[in-house]
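Across the two complexes that follow, chain A remains constant while its partner is chain B and subsequently chain C.
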Partner chain A sequence: MNPRTLPYWLLAPALVFLCVFFLYPFSLVAWQAIATDEGVLTTQYLQRMASHWKFDRALTNTLLLTAAVVPIQLSLALLMATMVSKMNRGRDVVLYIWTIPLGISDLAAGLIWLAIFDQTGFLNSALFGLGMIEQPVTFLGYQNKTTIFVAVMLAEIWRATAIMLVILVAGIGLIPKEYNEAAEVFGAGRWKRFTKVTLPLLKPSLQTALVLRVILAFEVFAVVSALGGTNLPVLMGEVYDWQFKLQDSHIAASYALLILAISIAFTLLIMGLLRTPKGAQTT
Partner chain B sequence: MSTAGGRVAGNDRLAHWVFIATTVVLCGWVLVPIWLLISNTLSTASEVNSFPKPVVPSLNTENIQFFLTFHGAGNALWNSIQVAFATMIMAISVGAPAGYALSRFDFRGKNAFRVLVLMTRAFPLPLLALPMAILFIRVGLDDTVIGLAIVHTTLALPFAVLITFSLFSGIPIELEEAAWTLGCNRLQAFRKVILPLVLPGLAASAIFAFVISWNEVFAAAVLTIEHRTLPAFLLQSLDDAPLHLKFAGGTMLVLPALIFIFLVRKYLFAMWGIANR
Partner chain C sequence: MAEINIKNVAKQFGKTHALHSIDMTIKHQEFVVLLGASGCGKTTLLRIIAGLETATSGEVWIGDKRVDGLAPKDRGIAMVFQNYAVFPHLTVYENIAFGLRMAKLSESEVERRVQRTASLMHIEQLLKRYSGQLSGGQRQRVAVSRALAMEPDVILMDEPLSNLDALLRMEMRAELKSVLAESNTTTIYVTHDQVEAMSMADRIAIMDQGQIVQADSPVEIYRNPAAHFVGSFIGNPPMNFLSANNAGNGQWLVGNTTIAGPQSDKPILEFAIRPEDIRVGEGSMTVEVRLLEPLGSHTLLACRLGDTPFRVIVDSDRAVKVGETLAIDPIAERIRWFDPDTQLAL
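And now, the complex of A and B:
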């Protein structure tokens, strides 16, 4: 086969697949949110979405969860990644254990934390065993929105820190050891080396990790369903409800468009904030 | 002088112990919740619903048997396996050629294609299920294994492309060229020289695609009704199923994931290392 056309033939299936099943459907979602079935442009669906009584709560909860979870995950992942880079013996075992949640679905993570926070769950038994309570507490009842929020937070931190960890460990592996050694020779302490050498060189990885994680945080759904049911509305849950229970795909599409919009906005924001200046790239 | 030295050594030893303690705590943070779920699954139904709980589970398989015979659960498990296999095959057979092309050729539009693949990351992909639900009804793919597998392949494809790209890039092109000079054509050289070398990595990326599909909840719940996958089935039964069924189902979801992550652990970092660039 002609070597000039061969790469295009190899690329064609993936390209066609992404156009048909990625670009085209997303344009359909956007269209459904802003046009009627007859093809007339309208803002009625977006307005109906925004005026629905659950809209504000769903939006606030999603953003609050992201704001509460992502910074903790970032610090935890940075701590774990630095620890891994200092390990010799047992590194592989520890890494395997720390990356286990990477393979666990959000629904399973929700169920795991349900086993802890449920009325007959382990937390209640433990508190009883310590003599702190006499009766089981309903942590996940509708009157306890704060504990539901905390349970979802913990489940999210538990489940999705691993993805940041893997990206950061890979990123730290790419930083030449000489930089740190040079800083040490000039008398920089551990903290100084971390903030002045490792962190700046880790920028590309931090960027990837944050983008991926923030997008996933906006998609939070199954963890909330498992732990909070309908007591903690989030955006993705609203998409599901409108599509399935209320059978209005225009409103579902409006929510989808909103999630898409904040995802892209935050991607651009993170990429802008953590831009690596040209010429300073290590690779 | 000696006291200062002694203090430094003491500090180092303290730091060492703090380091080990933190490692152990963080390992426990990951492992203990998983153990609690499994322990619930290995208890009897009455133990699961009791307060306070016994410290050691009674270790019986009652819950698992109940789960497997529960209406629809066995089917859901089988659907999950089918969808995940179909996803794995499609993602690799569409993604690997693209990964090979990116690693071996310089051509116009190469960068545009990479941008397209990377762009998928800024998109909440499970939302694709909404328009696909409508499209699938038109072409008769609604509520089918293959329809859901197509959406899952979109989720897995960017990974498949980037991972196979890094795999092929890790093999020197000289090996291929040597095979050509010895009389192989491109296809033979690929099959006899390159394929055996990348096979383990290819298997790892296939497993990764499998896990992505196995775990996906949202699109599965939107796109299937009769042919629910395990996550979709569990999500559906969250409101009404008894607790011990949920926990047994959760364990069935988690166990394959534990094994798969163990199998691909060597490749995780190669995958994500390349995904940085």
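And now, the complex of A and C:
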């Protein structure tokens, strides 16, 4: 076979697979959001989605959750990655333990935290056992929106920090030690070395970690569903409700399209903010 | 005054002794080269002086300050790393300014020093570039500028030229030497390249297996090696060593010739002579020529004296054939004698 065309032949199966099982169904969904069953282009579904009473709350909740969770996760992951990379012994064990939540599905994670915050859960038993409360508290009731929000935050942080951690640990491992030593000799203390050397050199990994994490944050669903039910509407929950409960796949498709748009916008934003100038790539 | 005193410094990595009790004084503004094969401990010693490694025991003094407990930044040193460690995310200007900004110098002073050292190292036109846009030699210049800009008491250099090609290395060698001489700093320079060491150093410290075997001027090290190791390590080709049997009264039997040597009761000594310190075509020693290596200015003869390899350097005009038997006469005042038990010079 011609060595010039060989790479394309090798890529072809994956390309065909993506087209058939991703691009095609995706275009069907996108079409549903902007066209009627008769195939007439329309904005009525997008308008109906935007004017629905739950839309604002779902959008706000999703953005708020992302804004609350991702920065905390980023700081935690950076702290943990720095600690892990400084360790000589037991490094792998610690890393494995920290990444255990990665192996648990998001619904299972939601249920684990439900078992903690539930009316008959660990937290109530513990507080009751300590004599701090006289009867179980409904932490996750509809009148406690803030508690639900905090519970979802905790569950998300517990569940999904490790994905950033793994990427950052790998990234820190790629930074040659000499850069830090040079910074140390030329007068930078620990904090300066972190902010002036490690962080800038970690940009490519930070980019990947943030993009991945932010996209996943916009898709938050199972954890919220387990802990908050319908008390904390989020965008992905609306997709589910419209598709399966309200049986309107046009509106569900509109929500899906909106999530995609937000994801793309934030991906571009993150890539732009953490862009490495030409020539400044790590060599 | 930036005199460096290394007192009884030892370093162990687990059970391996990287350094055995090193004692050394480096004078104010002296250029000392730590020379040795890889794994001899020279880089470890440099890193201990820099503060990037902690000694297992011993003290390091710079000037009248004991520094082994201090952070690198408080030692008044600057360093040039083997892989340059020029920060890839900063421009050349910001790289050179890095230490100055950390020291919180005024912006005008930073500017002045960056411009001065950049022009000293001929990289003024590169100040806006990133390290990824530079050649190895240019990165090297940035690393040196960054160190010089600190106007430090002591500059430490860890094999700074080893990643450059041969021609560039020769050029940088001369340039570094003159720049460092003008900067009035004390310099410790680590290398495994003896040509670099010989051509640059005020004093060379030869290291072997975690110890300093000899610390002397380049010529002294070349002419009067203190130990067998030094003679066999310095010089290209190195010294010839032959076994000498005691013939009594300070006479020693080397090959089939009797040579006057030291008075000693030892039955055997080691006779040593440099390949260029031999007159060819006279004398009573004979060697058989096995191989010719014409090097232009001279020809290197790989010979055998009995079973022992023996190298002789002759003028390239001299006609010598492989298989020929040559009469040779080692120049008497250039002959050195070593004790085979202690490996030290007599």
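Quick note on the criterion: the second predicted complex is superposed on the first by the 276 of 283 C-alpha atoms of A that agree within 3 Å, B and C clash if a C-alpha of one lies under 4 Å from a C-alpha of the other, contacts with A are read in each partner's own complex, and residues count from 1 in each chain.
The criterion applied here is as follows: a residue touches a chain if its C-beta (ideal position, glycine included) is under 8 Å from a C-beta of that chain, and two chains touch if they have at least 3 such contacts.
A quick note: this is a predicted structure, and the numbers were derived from the prediction, not measured.
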Clash-or-fit label for the pair chain B, chain C on chain A: fit
First (chain B), second (chain C), both or neither touched by A:248: neither
First, second, both or neither for A:185, with chain B first and chain C second: second
Touching partner for A:14 - first (chain B), second (chain C), both, neither: first
Which superposed partner A:200 touches (first chain B, second chain C, both, neither): second
Superposed model, angle subtended at chain A by chain C and chain B (C-alpha, nearest 10 degrees): 80
Which of chain B and chain C A:176 touches, first, second, both or neither: second
Touching partner for A:166 - first (chain B), second (chain C), both, neither: first
Per-pair minimum CA distance [chain C against chain B, superposed on A] in Å: 7
Where chain A meets both chain C and chain B, residue numbers: 283
Partner chain B, residues of chain A touching it in the complex: 1, 3-4, 6-8, 10-11, 13-15, 17-18, 21-22, 25-26, 28-29, 32, 79-80, 83, 86-87, 92, 94-108, 111-116, 118-120, 122, 124-125, 128-129, 136, 158, 166-167, 169-171, 173-174, 204-205, 208, 211-212, 215, 218-219, 221-222, 225-226, 229, 236, 239-240, 243-244, 249, 252-253, 256, 259-260, 263-264, 267, 283
Chain A to chain C touching residues, read off their complex: 176, 178-179, 181-189, 192, 196-197, 200-201, 203, 276-277, 279-283
For the chain B and chain A complex, residues of the former touching the latter: 19, 22-23, 26-27, 29-31, 33-34, 36-37, 40, 48-53, 93-95, 97-98, 100-102, 104-105, 107, 109-110, 113, 116-117, 120-128, 130-135, 150-151, 153-154, 157, 161, 186, 211, 214-218, 221-222, 231, 234-235, 238-239, 243, 246-247, 249-250, 253-254, 257-258, 260-262, 265, 268-270, 272-273, 275-277
Complex interface listing, chain C residues touching chain A: 50-52, 71-73, 77-79, 81-83, 85, 87-90, 98-99, 102-103, 129-133, 146, 150
